[in-house]
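First chain A sits with chain B, and in the next complex the same chain sits with chain C.
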Partner chain A sequence: MGISWVLEVDQSVKSVERLLETNGAEKIGPFTVDVTPYIPTAQHSIDIPQNYVVHHTKFPQTTFSIIPGENFKKSPKAVCDRGFDLILSKMRNGTTPDLHGKIEISGGEYRLEDFVVRVGTAVQGTTVKGIVVEVDFEPCAVVAQCKELMTEFIKTIFAKYADNRPDIFNSNEGPQNYTPLDTMWQYVTIVSKLRKKT
Partner chain B sequence: MSRCKIFILVSLILKKQNERSAMNPMPGVSFTAPPPPPPIPQGVELVLEASDQWKIQEIGYDGVEKYIKPETFTDNVGKLARKIDWMKIVGSDVPTNSTNELDDENVEKKTKPSEDLVVPEVGPWSFVAKQLHESLQQLNVLLDNLNIAKNTDYMKPLTVLDPISNFETNAEMINIGKGTQWIWKRRAIQEAASVLENAGKQRQRAASSLGLSDEYMSHMQRTQFFEELKEMRDFWRVRKTGDRIYGDLSYNIFGTKYETHTLFDINRRNVGKNETSNESILEVSVPKDLTRRTMLNVSIIKDEVQSGNMYSSGNDEHEIYLKNCGVKEKDKFVHWKDALKWAQNTLFCRDTFNNLCKDAIKLRNRLSVIRDNVLLISLFDDYLLRVELKFYPFEKGELEEEGDKYLNRILRELVVSFECTKFLRPQMFTSSAITHLPESLDMRGSMAYSADEIKIKAIKPKTLLERLLDMAGHYHLVNLTGKIVEKCASQTRDPCLTHRWVQSGRKLSKLTVYMSSKDYEPVLGSMRNAFNVDVTTDCVIVESKEGVKMICHRDPEQIMYSFNYCVCTYSISLISLLAKNMWTTPFHTLHANIHALDDEGKPAPNLILCNQDATQSVLFVFRVGKEPEIRIRKFVVNDATMKPEEHKWRKLNYEKLAGSTLCRKVDVLLAFLRDAP
Partner chain C sequence: MERRLAGLCDPGSEDFHEHEMSFSLRTGVNMSPDVSIKIRRRFKPDIVFHNQWLFRYIGVPEPDAKCPVIVRKVINSICYSQDCMTFAKTLGLRMDYEYMAKGKLWTKGNIKIATNILSRTERPGQYDPASIKPVSDSVLVEISCALPESAEYTMAAKQIRDFADQLMPLVCMEKVDYWRKYCSTGTVASQLGPIPVPPM
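And now, the complex of A and B:
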């Protein structure tokens, strides 16, 4: 339920929030997204690839795991319940969480009719890496049906980012359901870009 | 000895010398007289030696003596330690770690970093970790044993063939056990044999003495008793404690059973010798407050003056049973099958009524009154739901079912299904804790349900009374709608209304009403001719064929009005199709408005047709619930303004038009107007 467009913005959180409030949005609560890379240990660096474990407050009982590959289709991904984190902690000998590389995006959620906009600061350790905004259009589940509407929405609020659409918006493969993993993939791509920034 | 010998030799020599000298004194040789011999000693010969010598183990062929070294202190301790049976003292289930009692008081306990040894609290691997930890402990014990055996003398490993003392005691016990087992078996078989002998004798006597002896009678009674008890056990929970046999009247499946207030005693009835009645030999004593028959009646009544007294049901006899609850007629025999069934039903009805009253008190937004075993709670508008607990004497006989049959059954079914529902269920996938969440939420993690979805899917339990009210409200509305549809169908002859219940549920029902015009179906073709009615627990919604939803709440007049409105819109479509399809020179529709309103603001769909020659125009106005209005006028276009002139409409008398139905009348009218100048 819901199609998300995640983007990184240059403005500050306050300015984005003011922009949304002037457009009539109401704050409905906080949100947090955290992306933790899991690094394989020295002996297993060949067999076990690096994977990202994502949590999102919109899906409170779920853990997402993505091994980033060339594109969305070729990356192994999984959706599991929160027990996955405990299972991973048992496999400490094979893969360990990189707590320094963990990026947490936290901020507030705003509702504007059918749109939910989440504005958060991306923080790695104690350094702020950037501002990430997620625009979630709740009623729709098929990208082809609402990508124009979402582009228009982004144009009105964040004009300069409207051209840089996520890959799934540009695919012409026919009506497929949008899954929460697509949102997490967008977060992982953005987070890996943020990590390279200082 | 040697000295003696020397002495004796010396003395002999001297003696001989003396003898010689005495006998033959030699000239010139003079000897001094030899000294006198010393005196011979008296007493015991003593020899002194050291007594503490190491024992000689062996003497080698080369004369070397090997001694047995005496035992040191540690050797002694080792020898004693080997004699002790450690397992008896320590026990097999004590952990091998040293406990607090054995440590010195002054030694500080070092707290080890516990990261490696902590068993994880949750997770599927905790059991595995525990097992691994235990096996590690066992290995440590083994290692310690090997160390001790190798390095010290305190333990010596036995070989395989060494006899272990345990075996001997086991063998003894087995021997004893076998003997006693045989004795027990023989005793048991002897008892069984005596019982069979007894039974055999009884049967012989019965066969010979035509079965009227005392013993035979008591035997028959006993058999009958056990057979009836077996029958009772098929349906009721029966238990025996000591001498007392009792059963349980409670109807719950999960929960405590055999509570004191629901127990009934089972005894054997004292039957006279010559009584050969067919009545049961089991006597059942049911709790006093349950010795009456009960009915729980549910009905919907209107809160108005004509309802009369809503509390009492007008029957004075049963009032006795409200006050005195006791089995007055003890001489009347009630078979235990009936007695138990009635008693349990009374318990069930009483508990249900109490639950409903408790729920009624909790529902703050609905007014309710409880009096005289009657619960009145407001349903909606002027209607009340009435639940009555009615008592009857504890006798056989048909009880008249009062109240509404459907509602009575629904109430019973709700309570029974609640009793049968298990609210805690174990997780099937891994042996995790039991959960009270509904099955629909099991996949909430792996299907990535959002927080809103989880909230929606979590079932919130509704109280018994709330569910009953929903169902009663729906039932009432369904009856109401059915009556109105039938009334409407009987009133409206043209078009003809038929209806069908498409969906019939406890809280939602759907009705489709079809409108048809006789003899004109082929003309109409595939025109939509049905409208739907949705009935929920507190509302009736009529949806016309155009998709217009009319929320009629619970007003019967409004529902009737909506039905008639649907008929009007149908008529408009009907006439316009007729005008088009029936004629090779069809009439044209100049104007049609389904949503038109009349002067009073009420819906009045209308339609204006014009003939092919554009000389006459006809106006049809359908007011809801009234007969159609038909007006005609000349259709003249003003040459100057190029617009149709507004002439006066002439109203036609609908009744006097030729034809029995609307379709025929319109047919005839259009036939006239087709060629009118």
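And now, the complex of A and C:
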């Protein structure tokens, strides 16, 4: 359950936190999201594409794996338990984790009524790459039912990012169930943008 | 056989009918398979379980001549994916062989006993009853026991051995180097017959 809107903001964590607290949000705990790219070994650079493995503290026992294609629908993806990480490590002849490219987003989780907002700093190695905010509306599972509400929420708090909606919010394909993979896809998209940034 | 098991095992058994595909990552010289991953799911699954898969890695056996059974490392992972075949392919995995297993699962303490009747399809990709043929009229019996990593396995190995001996003469468990002979040819049929299965 829950629909998330993940966005990158160019203000400091402190100012976002202050903004949330003035709107009545309460801090409920820490959170971490890590995104590790698995890159193919030299001899397989053609037949094995890059694979992103994502962990999220909201789903502590789960590993998400996405192989980015041109869009979410066309990307092979899977939700696995943590044993999958061990299986991947057995396949190191074909694909290895790119630890330098790993980005970890960690920070605090705030609750504002039915919304949970996660504000975190994205760090690659020792370099800070940016601030990432995830707005999670928990009671709903269908994007079409709550996208207006979420847009309004973003407009109120992060006004200048409201026009930049995630792809799934712009889809016209009728009501579809939202899955945590959709959230991870947003993280993967943002992280691959952040990695290019210096 | 079933009656014998019913007498020996804990009460109750679980039926299963699964479709297993064996994949491998070919990275060695001549693209020889080096890591094999089994992907399993319910055969003819209903909608609820349609996209649930089990990824299983099975390592090479421990070189222990004295141990009465084969010991191999196993990692399982439950996985949900709408397009598992594409997903496996993009991970670099290629399919070697597949088969359908139907049977019953019994337990005796922490020992797991599965009886499998294997069948395979004559036309790859087609799973209608007309093209599915049994592999043979034998039953494959798997006796296994799962232990934590790097735990002492001698005790469990003896337990399995003792249990298997009680199934004589219906099932004769032998320690065979089956992986050496058959891994590369990848035929399930040759593995048939009662073969020893390690503690997992």
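Just so it is clear, the second predicted complex is superposed on the first by the 198 of 198 C-alpha atoms of A that agree within 3 Å, B and C clash if a C-alpha of one lies under 4 Å from a C-alpha of the other, contacts with A are read in each partner's own complex, and residues count from 1 in each chain.
Everything that follows uses one rule, which is that a contact is a pair of C-beta atoms (placed from the backbone, for glycine too) under 8 Å apart; a residue touches a chain by one contact, two chains touch by 3 or more.
These numbers were taken from a predicted model, which means no experiment stands behind them.
Of the two partner chains, chain B is the only one that A:G2 touches; chain C does not reach it. In the superposition on chain A, A:P180 makes contact with chain B only, while chain C stays out of contact range.
Of the two partner chains placed around the shared chain by superposition, chain B and chain C are both touched by A:D81. In the superposed model, A:K58 lies in contact with chain B only, and not with chain C. By the touch criterion defined above, A:I39 reaches neither chain B nor chain C. By the touch criterion stated above, A:K90 is placed in contact with chain B and with chain C alike. For the contact definition in use here, the residues of chain A common to its chain B contact set and its chain C contact set are 79-83, 86-87, 90. Looking at the complex, you find that chain B touches chain A at residues 120, 122-125, 444-451, 453-454. Across the interface of their complex, chain B is touched by residues 1-2, 57-64, 79-83, 86-87, 89-90, 179-181 of chain A.
Residue ranges on chain C touching chain A, taken from their complex, read 25, 27-28, 34-35, 37, 55, 57, 59, 75-84, 86-87, 89-92. Of all the residues in chain A, the ones that touch chain C in their complex are 40-41, 43-44, 47-49, 51, 65, 67, 76-84, 86-87, 90-91, 93-95.
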